[in-house]
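As written, the chains take the letters A, B and C, and residue 1 is the first residue of each chain.
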Amino acid sequence: MSTAEFDQSVETLEPSMSGRSPALPIQLTARDISVWFGKRKVLEGVNIDFPKNTVTALIGPSGCGKSTFIRTLNRLHELIPGAALAGEVLYEGKDIYSPDIDPTHIRLNIGMVFQKPNPFPSMSIRGNVLSGLKLSGMKRSNHDDIVEETLTAAGLWNEVKDRLGAHAGELSGGQAQRLVIARALAVQPHVLLMDEPCSALDPASTLKIEETIRELSKDITVIIVTHNMQQAVRVSDYTAFFLAAENEPGHVVEQGPTTDIFSNPRDQRTLDYVNGRFG
Amino acid sequence: MTVTDPVFRDLHSAATSHRGDRIFNRTVTALAFTALLVLAGISIFLGAQAVPVLAELGPSYLTTTAWDLTSTPPDVGIWGMLYGSVLLAVIGLLIAVPAGLLLAVFMVFMAPPKISKALTSLVDLMAAIPSVIIGLWAFYVLTGPAVEWQQLLNEYLGWIPIFQNTSGNFLGTPFIAGFVLAIMMIPIITSISREVLSHTPPELINASEALGCSLWTMLRYVALPYGRGGIVGGIMLGLGRALGETIAIFFVLKIVFEVNWYNIIESGGGSVASLIVSKFGEANAGFETQLLLAAGFFLFLLTLIVNVIANLIVSRTGRMQR
Amino acid sequence: MSTIVFDKERVSELRKQKIQHPWRKRPRKFTFSVALAVLLPAAVAAGLLFGTDIPDPLVMILVYLPLQLVAAALAAIVSKGKHGIADSIIYVFAIGGSVFSLVILLSLIFTLFVNGLKAFSTQFLFQNNVYISPSTPLDYGGVGHAILGTLLIVGISMLVAIPIGVATAIYVTEVRGRAVPYVRFFVQAMSGVPSVVAGLFILTVLILTGALSTSALAGGLAYAILMLPTVARTAEEVLRLIPEDLRTGALALGSTRARTVMKVVLPAAKTGIVTAIVLGMARVIGETAPLLLVTGYSDSTVLNPVSSPISALPTYIFANVDQPYPNAVTRAWGAALVLIILVGILFVIARILGRGKVK
């Protein structure tokens, strides 16, 4: 064992400073991430570690750069015209923005679910689940198993198992969103980014998706942007609170274990926000 | 005081009960039906000219291929011309569909915005070039290299029946005429495909990017299936234009009164529209003019059907996308 | 992991961060392989084109295209791995298809200017074709009569098509009668009428019946059939953009419907309507087939729109194209250049007006 590896393993074994849980290996790290659209800086100096197989919630009022931040984590950000970025995103220790990395590879390992359910309307339910394999040219055998596995993981299997050939357009909003989650899972990502996945859904569907998220975090790392603070408390292990002062870029005011952020915040603004005094 | 029954009041007519408004409404409504009037007029007047022709010649007018007025009964028919029009349009489509579609894909998904904008203007310009000018260019500029291409096709691929040429004459071939039609169809197909492809919903593109698509898989599984209806409609509109094209074809196609089934690089072919122009000058005022008018009637029917189908496809996908 | 609070002291340090676009950095092997993939096949093809007698099309199709595809695919494998191959191939075809279309367009415009300018002179624009035979030197005669003829015929068609086209648009967007879907359907169907059929229609109805002789009026009516759908459809799109508030506002002031349309809606849509008219003119100005059937031909300047044959630019070109005399052909190119300049002017006007509309 080399020294570097030894150091790393020592680090992972070391208990966290709060002493509540043993430190988990870090899967994804944002280091000094700042984001611009054109000349306007919208996000500044974000440093967050995302431990493996945990759920991290990103909370904060609208327009503070949460959604922008999450898009920098799987290189979707660069597809917006005028987008710029400083800092590093380390996925399993490697900078995903280094020139020799293929963005496709990153996006396959770090999946994403969007605010608005966006199944492909021209494909069937089954086709949607398998669409990631087609689009990325990935080869996996026994498609039937994948369809059943991922739809079960997304909590949709029982509702659609009899009509896998039906058009995806026939599903309700909540079902469509779970289908989209299944679609993202079918390419076996290690991280799943969720950008307000429940904001367009009714409470019952929201509950189902929250269950799904908890279930998923046994195997993969989930990062979820949400406006709903109860949701953050219910599903997440860690929370980061984003805030932007007027005409200033957004930044992370406070981050840490969800229980600490909600019950014992150290910054007054966090306290005000989690208690619903603004935002 | 008498109690009156509740009266049904037509709010629409109440709103327009003002006298000036009534006149205005009626005038505008009447004028709006001009399009119908013209279409009906064309059907009736040209149809009326077709009646005596069909009465005299029967269905053989549509099934024979000859233009001999001296024999009795006259041995005349437009089958070769109708078939020729379709053959030319098919050749044109085989060139214009890939070229137009690729140009549209390049403009929407590959080119930087500035180049894409410049290309849009160029395509609009290409659509606006009058066909007589395209014909002039084709006659003096295109035929030279086109003859060379055809000779090469014949030399190396002559064993394929469609590339046979026994006469050694490579001028006035369906291939050249079809190529000219392609030049006219490319801007139509490009601009409609560009429009349709650029309306691919961003959330679907986002979704495919997040699933690690490549440009090719995104086109293959998302953008093209989404825009299929509109693109097919655009191709049909191009086809309608090709079937009705007259002058440019007149310059580059040698019209012969026999059916050229598939020898696309053999001199001679047919086109209803060009037939009309080429025979019109020498036609006597009587029966021969009627023959040409009847040909115009069938050309009108053919293009009308193609255009109606095209517009139905385009408007249906338009509605689906909204 | 414990709670971490934002360190305000780091702000000044963070403010020094430079704007970056890390995704724009290409690995050197990518730049290198793409450059090689572009240059190598081109160099080989150029060598064969200029160095050997192999016919050009064969070099392009049998050597350049396969070589370019293979090179692009190899470059893709080097920089992106196997899944980049499909993209590299579609890039080659898309760029190839675009270049194909552009080459045709540029060749058209280039030859038009080169050949057309040979005929150009003041007298070419202003004189007519009387006493000019196909072999007369280019110092004499011109297309003045044909320009006038075109303007006269297009002018007549505008007088007919614009009121009807705008009225059709008003019916669809303002009167909104029950027949709207049918009217739109007919207008669309009408836009597909081939120009030669429009000519035949006027011929049968007006000329063969003896109601009219071959003349500018007959040509104008045939053009009007072709112009009407363009005007109606563009004007309809423009009127749709007029906000509903404007109409309700006028009606609430006690205006009648007719007055609302004439005094409020149409003036608001003025530039758009003009655009519609300009596009309609551009649509018909080069149409040849209908004129061949219904306007006849004349070498002299004709101002009588009703009863005498008249020439226009397209018919002038048509008459001169396949003459065995170079001077006649040069005249045809000259007339074609005049025609394309007229079309170009109309398009520039439409573009400028269209831009104003967006603001």
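To be clear about the criterion, contacts are C-beta pairs under 8 Å (C-beta built on N, C-alpha and C of every residue); 3 or more make two chains touch, one makes a residue touch a chain.
These numbers come from a predicted model, not from an experiment.
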item	value
Chain pair with more C-beta contacts, A-B versus B-C	B-C
Most widely separated chain from chain B, with each centre as the mean of CA atoms	A
Length of the line joining the C-alpha centres of chain A and chain C, rounded to whole Å	48
Averaged-CA centre spacing for the pair chain C and chain B, given as whole angstrom	16
Centre distance in Å when chain A and chain B are each reduced to the mean of their C-alpha atoms	51
Multi-partner residues of chain A (each touching 2 or more other chains)	104, 136-137
Per-residue multi-chain contacts in chain C, two or more chains	83, 86
Set of chain B residues in contact with two or more other chains	214, 217
List of chain B residues in touch with chain A within their complex	113, 201, 203-204, 206-214, 217-218, 221-222, 225-226
Footprint of chain C on chain A - complex, ascending	16-18, 23, 32, 34, 36, 39, 44-45, 47, 49, 51, 75, 78, 83-87, 97-100, 102-104, 136-137, 238, 251-257, 260-261, 264-267
Of chain B, residues touching chain C in the complex	15-16, 18, 20-21, 23-25, 27-29, 31-36, 38-39, 41-42, 45-46, 49, 98-103, 105-107, 110, 119, 121-126, 128-137, 139-141, 145, 148-149, 152, 156, 183, 186, 190, 214-217, 219, 237, 240-241, 243-247, 251, 273, 276-277, 280, 285, 289, 292-293, 296, 299-300, 303-304, 306-308, 310-311
Touching residues on chain C, where the partner in the complex is chain B	55, 57-58, 83-84, 86-87, 89-91, 93-98, 100-102, 104-105, 107-108, 111-112, 115, 163-164, 167-168, 170-172, 174-175, 177, 179, 182-183, 185-198, 200-201, 203-205, 208, 225, 228-229, 232, 256-259, 261, 282, 285-289, 292-293, 314, 317-318, 321-322, 329, 332-333, 336, 339-340, 343-344, 347, 351
Contact set on chain A toward chain B in their complex	74, 76, 79, 81, 104-105, 107-108, 111-112, 114, 116, 118-123, 131-132, 134-138, 180, 183-184, 187
